[in-house]
């Protein structure tokens, strides 16, 4: 099984993506989707040699939901800042987020989430991969921001990946 | 719209020509790229301009854009890509060999290695 | 109604694009320009989606997808160039 | 090759006259291995054979018949291999072959052991054949062929002693003058043929009246005379002949006295009926001859080299003959023929004698000679007789023809003045006496000296016998002219005047006390006086400025060469901007001229309304284009701006209903950007401004004018209606091509052949790039690379986040690629775009995780992909041949499978798969090569991918980086 | 519809692809490439035999009717050119496999692709497809030009590529305008449509036609568009330069083809539009070429300029566009291709025997095989400079004869003859320098790589070709006359391509 | 149906609005790190809204469910953070002043972009600490 489907999740995703692409939920489309879902991971397996272990698939959904909600809310906040505040009055600064995550995929997911959500951009990783440099557009309390990131996202990611 | 396209073609070509008249390989290459943009749009425009009528056969459509120039431009884009890639590499290798990227001076007459021209 | 929304959206996107072009022209740094180009690509994707809605066609979908991919690769390539010089090491 | 023989007087044999020596030229070089004598025999045999053929034809010729044979060569352009023999041709052919035989014998003994004799005889035979060809050609174009062959073979003969600089220069000079003359002759004879309506001499000679009446007569005459005068060394082309004397003496004797130089005289004689007798002919030819006669003789008088004296004397005598022909009267023609004969005998004898002197005494300088009569009595006697003839001593043949010449001159007024010609001719004769006497006295007479370089004595019989053979007619004709030379002269002269009756004349020793005899007497006395006054005269000559033709020639040639070099250096500067400027200006001028000379009406097609985004795009394109012109020194910025233009263009394609184009443009764009970035990394980052503002303005003007023109053209076309053939493509796309995306169906079906070519272009580009960069960088290039400015560099080559995300994107992108590929036939997409998508996805991997890491994991080598791609596309096309249909005929059908349902299979898809592979292969191969340049030069170690951050606690050693900073490790 | 017609294009293409897959075994590659070239030569003979039966044959690729699909057209002209390329390429291949092919990567695939491009350009009956084959031909030539590397080649290569890129761009502009006015790309169809172009479109049509002419003129190295040639050819590896001898002919071919068929007598507003431009340019080309020959200090430069000069001669004849002058031009094309190829091969053979002197026109000690090489060079020089009895003379004779009725005959004759003299001077100086003066130089050349007489064979074969061309001038010219006749009466071409369509068009014309 | 059209229209306008905000942020904010916030966030929602509008339209109005817009969203969500980080890294690398306002990593090593100097040493430390 592992040799046939080196990335089962990927296979599922590809089949899904295929169905999305052809915009056609028929047996034919599904068959071709499955075919690709098998073939493409086989082909690309060497480029992603070890599949990430997702321990709690349901937690992924929950996480996505939270992030989407945060994106919507934060966008409005950022829009407010951009529209109505003078740029140089924004209290922007860097913060360091120490990481508990150890897998590359998890760290990437966290960094991505940070960038996608309100007023924060993940700017760099420490050379050992154990802390994240985050730039905040407007923050009065850096410590709180760090705490929120760790609690709201990192904790969940830790559950999902590790 | 025709005026816009025509003037864009003119300006792209002019920029391209101006750049190919420069003294270094890099602007010449960029100039060629601009010229190829210009000629692609030109060739495309030779099928006349149409909005919202892609040449994809569907039951509802009354008319289509001229597909032939589109196919020609596609071929032209691909070919000019190949050509440009080659000339870029040529410029690069030339610069590494001679230390100069000038194109307005004589080509170096450096003797090639002796075995170069030996045959038979 | 959708048509009207599309027209308005098109106009807004046009203005947004002008803003990115302003940044592109102003700079001051090359990174500002790269960011502007990236943003312009995003705006373009929006424009393509609007055009698709306007013309009631899904034909431009791949274009949008491809623009997204291309915008990403271009930006990364430019940044990689600034970071390391050689972008494919 | 079909052969058409003329039905008149067919004689096979005479065809061989020129061919025999020409073909036989290969034998002497082969025979030389068997000895020198055999080599000479190999040269003599064909000559003798040709003489026998000639002898066989003699009775007919002397009956007054014309022996003729024709062989078709290039009938459409009037060139045929037609040969004829009449009195004139016979006379010359006999002279050429006869003297040739003597020369062959003489050369056997003359050439030294070190001289490559085989080559000598080969050249000599080539010349002999060519020369015979000139005199027996019926077709005047054929005559040019042989004419130029004589120039070529004489070039080889003059340069025979290759190590001798004089030989090389002399050979080249002779070739330039006589070969150039040949070009004039070609033009002249083409004109003559045009006027006469035929290229056959036998026809042309009948049409003298038509020819002389033609408005083209004068230019034609000048061109033909140009050929004749150069060949026969007439003033002012006389200078080459003395320099040709660098040739071995037998060559000088043969070519430069007896035969080749007479070709010009022959030509004038040959064309005499067609050209002579006009005022122009007389004024030009006779005066040229006269001047040549004087100039040659004057120079000969002061030369110290035996061969130089003979050379200039030859020039002088050629002038004499030319002058006689120029007189245009039949009697003068008779005299000319007679003198040609006489001159050939005594001058060839003299040359050979000079050779003997050189051979025996080791010098040809008459200042170091003298008294040879005592040391080598036989050859000296022979030489003295010949010299006497040259001086015009009675009882020798030279006297006779000189007398007859003077007799003719006496009656010839020039431009209304009766004195000019007689006086000048007498002066000529006087000079001739003087130099002949000087030569004879200084070489052979006087006391024996003690200081010859070698001790001279009579040479072996092989050397002097040929001289003797020639001296026999000198005396025999001199004594019994009518008996010995009468028939020959008559038959020959008849041929020269062509149909006219000859005046009554008789060849005799004594004509009574005629004006000519008086002039002769004056010449002898004057000549003697001149010799007395030689020393003061020579001083006078040396004191006055002389125009030396050779120096003028060299100056002209050096000037021409120098000028040519300067011109080429000035034009071919290898400056690309200049080349481009010329080309763009040429295009603009020609294009504008094309437009201005045609009628134009404004188009009537309705314009499309402008909308906001379009305006923004337009403004962007304009602004960017202008910005690039100003900002191009900043190369990275230029790249960004270029990408912006690419983006704008692809949006324009979307706006104007060309989704496929937009997809292609944008994906090519990104590959180009990556490529340029890769290159820019190894190139200077900025372009210095090297031009002043005037130059930039000028370039701007060129660019603007051209751009304006193109804009105008685009506008003009876009605003008019037309009916394209693409109606058919739209109609047939679905029913005939099986796809609804007409652009794709055109690409893979209607015009699949274009696409086939297009992928081959890609394939070649990749191969060329590979070849260019695959050789390792060595020496200067490697050092340059190593010393290249390394700006500040980030510590991590492969940022973690990028690595992870691209990893996820790869399978997604491949899925998208598959999608775009499969639906391409019906919706925007297709093999090309799919190939680019997949290639970009792989490039992304390489950017993120490193080239080597990526390449190692690629299942298919890029070369193989390329080969397979082209092969697949080609084989798909060839498949249709199996079904008896033309290359690339497509087929499609709908397949029904359970569960999956109905789907379409088209052969075009196999073709498109080929396209796909070719594209992926190209992009990977070429970009990877550039990426690896640095690695090749070992500028820095390649960081091992895929990520530089080593995460602790991770067990996944394979995917995780092995080292954090490979640079230092 | 004989499938042989497509063979000269497909054969080398497939061979090249196969060669790519065989890249690991150079010996096998060499053999396959040699076999493919031989096959190509045979197939071009077959194609030639098809054409001289007299009918114009068209081959509809993809089985689409003209003008909608792409057609290949085989008439006497295209067949002759294909045969010529087959002969030349065989000789060049034989020369190349003696070592040149190992000097860099991918010589054989590039060589085969190059042949594909050349033959495609000769055979296609579609303007845009002609562009594609031009590009195939050019890019392969770029690759070949750079074969073996070195700074000189890189610099020359950049200029060559850059100038030709501009040419390609111009090609597209021209094709675009012509399509924009007539709506078609098929040459036969164009031939029918240009005469019917509305008066108001005439200016556009003329512009398009002239721009197209300039594209071809650039390829044909017509002054002032010739800049690329001397540099590029001199820098090219010898066998490549020899193969290039036919590349300039592709430009000349395209001029002959398009400006007789489409913009010829029945070209409507653009009839004979190129003629007045060709003549002065061709005369200037003659002058520049000859001056260059005189100025050259390196043999290969001299040969390059001689090639420019010969293009001038050829195009002078073309400029009159009548059957007789076209015959002359075609004959000259055959001649100058063979002799150009031979001279490039010779200059290589000479260069590789002279150690550090290479082909510089300076005296060196005597080279190996000097006698035979000298003989070959002498013959080649005779042929190139137009001296009898080889084909150069016949060609010159034909050109002079064919142009004598022209208004510009005086100019033509003067320039042709005067420049001939310059070329004679140049070649005689080069020859005496290389083969004669060397005998005066003491010392010996460092022992060269084994200089086998057999290596002279390909060059000798090409020179023999010029001799045969001269000896067989009659029959050759008969064939070329028929070829020219086909060119000046384009109906047969149009009928063959368009079939029934032409009938219909004629019917509408009558109405 | 009307409600759907209204929703779609609104979504289109919302999308356009956020695109505008993103671009405005880019144009208006005073330094690169702040400008970075505009596009990377506003555009996600901007494009997102439009894509939802597109999905709704083809699904409800045309009756032809189109869900492939999700793919674009997925793609943008995956790539936007990477883009932002790459730009930030380049900015940090090339702006000395910016380096000074960076916070400490809290680790023995520096930020990945800059820390090249004593990497070996540090990675050893990392190794030790992880072992501990």
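A, B, C, D, E and F are the chain letters, set down in written order, and residue numbers restart from 1 in every chain.
What we mean here is this: contacts are C-beta pairs under 8 Å (C-beta built on N, C-alpha and C of every residue); 3 or more make two chains touch, one makes a residue touch a chain.
Small disclaimer: the values here were computed from a predicted structure and weren't measured.
Between subunit B and subunit F, the least number of touching-chain steps is 2.
Chains that touch both subunit A and subunit E: D. Taking B-D and B-E together, the pair of chains sharing more C-beta contacts is B-D.
Each chain gets a centre from the mean of its Cα atoms; for subunit A and subunit D, those two points are 73 Å apart. Computed centre separation for the pair subunit C/subunit E is 48 angstrom, with centres defined by C-alpha atoms.
Measuring from the averaged C-alpha position of subunit D to that of subunit E gives a distance of 15 Å.
Taking each chain's centre as the average of its CA atoms, subunit C and subunit F sit 14 Å apart. The set of subunit D residues that touch two or more partner chains comprises 574, 576, 580, 584, 615, 639, 655, 659, 680, 710, 713, 717-718, 722, 724-726, 729, 750-751, 754, 758, 761, 764-765, 768, 772, 793-796, 799-802, 805, 808, 812, 816, 827-828, 930, 949-950, 952-953, 964.
Each of the following residues of subunit F touches two or more other chains: 17, 24, 36, 38, 66, 68, 71, 75, 78-79, 81-82, 85-86, 89-90, 93-94, 112-113, 115, 119, 123, 126. In subunit C, the residues that touch at least two other chains are 13, 17, 34, 58-59, 65, 69, 76, 80, 83.
Taken together, the chains touch in the following pairs: A-D, A-F, B-C, B-D, B-E, C-D, C-F, D-E, D-F. Listing the residues of subunit D that touch subunit B in their complex gives 573-578, 580-581, 584, 605, 607-610, 614-615, 618, 621-622, 625-626, 628-629, 632, 635, 638-639, 642, 645-646, 649, 652-653, 655-661, 664-665, 668, 671-672, 675-676, 679-680, 682-684, 687-688, 690-691, 699-700, 702-704, 706-708, 710-715, 717-719, 722, 724-726, 729-730, 733-734, 740-743, 746-747, 750-751, 754-755, 758, 761-762, 764-766, 768-769, 772-773, 777, 780-781, 784-785, 826-828, 832, 922, 926, 929-930, 933. Interface residues of subunit D, counted against subunit A in their complex, comprise 795-796, 799-801, 803-805, 807-808, 810-812, 814-816, 818-819, 822-823, 845, 849, 854, 856-857, 859, 899-903, 947, 949-954, 956, 958-960, 964.
Across the interface of their complex, subunit F is touched by residues 792-796, 799-802, 805, 808-809, 812, 816, 948-950, 952-953, 964-965, 967-969 of subunit D.
Of all the residues in subunit A, the ones that touch subunit F in their complex are 17, 20-21, 23, 25, 71-72, 74-75, 78-79, 82-83, 87-88, 90, 92-96, 98, 111-119, 121-131, 133, 135, 137. Interface residues of subunit B, counted against subunit E in their complex, comprise 20, 25, 28, 32, 35-36, 38-40, 42-43, 45-47, 68-69, 72, 75-76, 79-80, 82-84, 86-87, 90-91, 93-94, 97-98, 103, 107-114, 116-120.
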